[in-house]
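Can you read through this structure? Questions will come right after.
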């Protein structure tokens, strides 16, 4: 059984469209996207709201999760890094973790065939 | 220590209520639900917005996560597949992955007892 | 290679601010926050909506995810438990799971250096 | 001659103001109905509230106004010539354009009431058709009976000042028949131990719903007071001028609204343990509907009582229709407009003691009987025509949106609008 | 006789229009307060803005109007007979129903101001009670002093044309006292290095807040111009008619609003580095409040200056109250209504030069002194009665929602409404 | 003398009502533009819709009104003395304050149209400046030509009753020039196979957009009917009074709106397969804009036809401007106001047959030619002045927000407002 892996990419909302297209091109046909709030080195600008200092440290980000099997993780990572890197703080992170089983509900197929 | 596993189900929003009831019946008492956007084989209808073609490829889905230990994963999967299968594209996917530790904040109990 | 771990905390929305501060103090500099709906032992109050009984069993919660490496998981758990425990149902759960790889998009650094 | 000019100008201005305010009630209905239903149908319900006015305005101009105010054939129907398709110069037929505008906005109100009760599951095409038919003949013919000076109910002495009966109880009856034939939204009722149980389907934006209620209330200060039609009547002495009557109408209208909402507030507080927001808002409307027939001829104190009763009717009515009759009315239109409208017509027969009308409280039974009769006629007419239309549409499978569309939401399926709040949930092009 | 009828009709119509517009300000307040506070309390704050009008309308009719305009006892209080519980036929007491309606909506405005400053943490029951008391006696008695021709302040020559003092500064003062006694929302202030620091708690819907501001502005064109009470005065020559005055009131009112908001815009731009949206919106209201007392008797140029100063007052005032006094006023009601209302009353004494009033700029000190005195009296009255009421409520633990409820949100805990936007966040039945 | 007082009062009241209603259109524009654009710019676009009114009111009072209605220099420009900086007592110059108010709100409408087409990417500072310039001279000077009795176009017999040309087609032209020079929003067009393709960027709140349309419609019942300026003209016989004309204006205005929206509804249904919500809403506005020039002088039937054509123009126009010209106009302002405004002016020349005007359908070619000429002049004036201003701003890099700001959203970057819906997405202080 080939290994199955989850790749989780957290990045800027404005990059989602490009990332989706790029991943599509290397054959990723499924992913799940979540709107999240990111806390990291990137901070929101110091703002004033009605005269009170106020800084936002939770910034809107997207999380893109995809489970891959046939497609090598390294390829996914490379494409993602290439698409997302701007060199500025806030480009995001990629987390890779193991998945032990995948089931496609519609057909009942499992693992590689389910993807 | 019995193995702990996370089961992640991504499916249609309109099925959530039924799924919840079905899982409840086999003894699942906790889960976490997230509104996500799914990208897969199922595509939104081609639409026109003010005369411009426009197709939605991110569809609203729910992600249901639950960590199980005593209850066999296979049973969870079976129930989920039974409840969710309509045979049409978009029924969703189930991902299974390992969890190494669970803590219940209220009591400090760990692992099996925490669930 | 030191082990990398994902710690996932599900808790009350109103505790987020405090949790963030407490984790910050032990050196956690990045996390990702998601608004989720929790199903557990804690139920919403029985309500009446226009004369119809109505109880909410999906409650608004936050999920805080962070991947740690240098900082011991136990310390994170301790801080979280200390900050979040009120002793009442709904304090939340902590899930720990393995992560095999981390990439920082901006620099391309990996694993420990990426965090 | 100058007298004529001045009173003409001032009275026409009065109709203008009334018409503008009643027009704005369309926005109020749109917001109430949108707020009290689900996000996935928000564009659809807004659209419906717009379309009924679009079609209604045109068809009422073409034929409705003539059917209602044309020369009467036996008190039953107006002949729509002369008033039909009014197309003359501004300076020809004195007053009639102003009156046409004022009546048009009333007609549209009747049509718009129905959309709320049938929200979230009606086929858009069916909606377009039946809302057209309401403005074409259901409303104008009944309107002739009551509001044309030659109408047979009018001649009997039936009194419905600004339309509790004509506009609201007819609208509510049509809503009831429509909702019953259409059936409930998927998921609204479930069988528990062999018994049908009602499930709450909360609205998606109570704030915009509340704004809608405020807009309706605002518009009602045109609906009721301007129904005096004039401020000045040069044939009357200075102490019997219609503007004095209009002033009282403001007070009775407002007191009834306030009394009804206060009642709903405390009644739900008692009954459900908490002061219910959406019921209190419905209470406002209930009080407004309830006083509409009698706002000119009852005392302020009576208006308070009428409002209190309307507040109870609406609360129990919504509950009863939902949990006992199991008819799904997402916004409570049947109770608000139907029940409280009928109550309003009856209330004339009980409380009238001013402006030449005498109800039970002055010892006169005649008016009460007439009101009862008239209200039965109006309900029967609306129920009958509504039944035929909705039934026909239903058996041809034309009335209800298909299951898949209803589940997905009518915005996406009927209008190609993925969401009325698309950008809150990003959507992208290929 | 015809003259009387015409002027009666036109003047009454003028009150109608004003009353309707001022009524609609309730919707404006509801939207502003909802938009500037958090989503979890949206139903509650909307409800409060509705309830004050419900109770206010009834109690002002029963007793408030009489206390305010009944036969005066020594200029201090009206005897509420005759005007009490007005229940006559429409044709009996000329004008009074129109006046009752017009005055009712003003009364309700005073009550509604308070809810914003005390939002998100006040017990609903307490709100119901104190808003009732404001309409019962706090507003009507002070109103008698100023607006009854026999009121003692009125006789002294105190001038508050449309209510900068009576309505706004009193509302703002009550808001201040209430917010101070109630304490801040949980999380509003925190101790950093032994110093209290203010935290921003942004509102949940600036767009609906902005709509509210536009609605208020719209309503103000009833509030101020209609306070001429008449358009025609048959005892005056044609070049001194009140409608000419009303026309100028439109200009002064609008210029002041525009000047104040422009000032807030540029002032915050300078001070905070960015043109602040919610402050600019508050600026509009500040300008409107500031000109309300003097809109009839100052020149357009003066109104511009009054507005500019109001724009600065509101910006610094909100900051000062929040960051120095540490009193938590979520919508800025104290600065907008309290400070700018007081400023408006004083401004009469400085800038008056028309309609028979003469302020400092014409070299007259008398009016200035009277205005100062009157404003102090109004603030003292509101502060005193407010203090007693809020303090009593507070010591009995009745004023403030409990901590758990406040954290969860008042919609869920006080009204059983899981969320005013329930369907944006799906909620299901067992 | 009494006659003069009464007609003065009633006519002034008429301007008041019109002015108040047109003022409220600012709220309508704000809601439409906000609803049809993205959430991240919601505060910014609301703010812009407020600012143009703030500055416009002041500058139009200072100089604009004088340029427009001051003593004419050769029909080209008014001398702004006397009318400049009006600062007299209320009782001095009869009528002019009422007229100033009425004209101010019209001026502000022109300025506000532009913001929609240039939404989501214009520098706030640039907006402040060009909206100021529009109210300062672009609108007033052209206004002088058309609406001052001595204006050269007015003398030629050019007829633009309530401003299809002056207000809407000029606003639309400025919007077009501005949007073209500014360029599209990032992501609006992409190159596919060497061809520019348009991408949909859906608005974030169609419901609030629809409310905006209803508010505009409501306001239009001031915009058009009150443009009779008077209800009574004592020099005319009773059967030729302006209030009769105003009554017809209600009907033509409403019929055109309904016809246009119905057309857009069915036209998009046919063309795109689904009845499009936002296009139908735009259809309402198209019909209103289209009838504005001719609402006094065409028959109701003609108004229906004018509306139908406007409904087609707006649908095809929006599509053409977007997919062929590739000019990005988020709310469709160019098609709605520019194209339909021009159509409205031309329509006078075709359909006029009342109120003293004769168009092609009565066999008169003269008026048609004048209308054509006048419209070309107005478009040329707006295009020219707009081109110079926007081009200058653009080459100095001042017109467009920088890329980073546009991507992040103008709320956060230009106003320091993390989100207009901050609390829907929690934001915290350090």
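Per-chain numbering from 1; labels A, B, C, D, E and F assigned in written order.
In this section, a contact is a pair of C-beta atoms (placed from the backbone, for glycine too) under 8 Å apart; a residue touches a chain by one contact, two chains touch by 3 or more.
Nothing here was measured: the structure is a model prediction, and the numbers come from that model.
J.: Between A-B and A-F, which chain pair is linked by the larger number of C-beta contacts?
T.: Pair with more contacting C-beta pairs, A-B versus A-F: A-B.
J.: Indicate whether more than half of the residue numbers at the subunit B-subunit C interface occur in both copies; give same if so and different if not.
T.: Mostly different residues form this interface, as fewer than half of the numbers used are common to both chains.
J.: Taking the mean of the CA coordinates per chain, how far is subunit A from subunit C in Å?
T.: Inter-chain centre distance comes to 18 Å.
J.: Centroid of subunit C to centroid of subunit E, CA atoms only: how many Å?
T.: About 45 Å separates the centre of subunit C from that of subunit E.
J.: Please tell me the distance, in whole Å, between the geometric centres of subunit A and subunit D computed from their C-alpha atoms.
T.: Centre separation, subunit A to subunit D: 52 Å.
J.: For subunit E, give me the residues that contact two or more of the other chains.
T.: In subunit E, the residues touching two or more other chains are 6, 10, 13, 17, 199-200, 202, 205, 208, 211, 272-274, 276, 278, 416-418, 424, 426-429.
J.: Indicate the residues of subunit A shared as contacts by at least two other chains.
T.: Answer for subunit A, listing residues that touch two or more other chains: 17, 20, 34-35, 37, 47-49, 53-54, 57-58, 97-98.
J.: Touching subunit C in the complex: which residues of subunit B?
T.: Spelled out, the residues of subunit B in touch with subunit C are 6, 20, 29-35, 67, 97-106, 108, 114.
J.: Quick check: in the complex, which residue numbers of subunit B touch subunit F?
T.: 47-54
J.: Would you mind writing out the residues of subunit F in touch with subunit B in their complex?
T.: Residues 198-200, 202, 268, 271-274, 276, 278-279, 315, 318-319, 322-323, 332.
J.: Quick one: which bits of subunit C touch subunit B in the complex? Just the residue numbers, please.
T.: Those residues of subunit C that touch subunit B are 5, 10-11, 34-41, 57-58, 61, 63, 73, 77, 80-81, 84-98.
J.: Taking the touch rule as given, give the residues of subunit B at its contact with subunit D in the complex, in rising order.
T.: For this pair, the touching residues of subunit B are 14, 17, 37, 44-45, 47-49, 53-58, 60.
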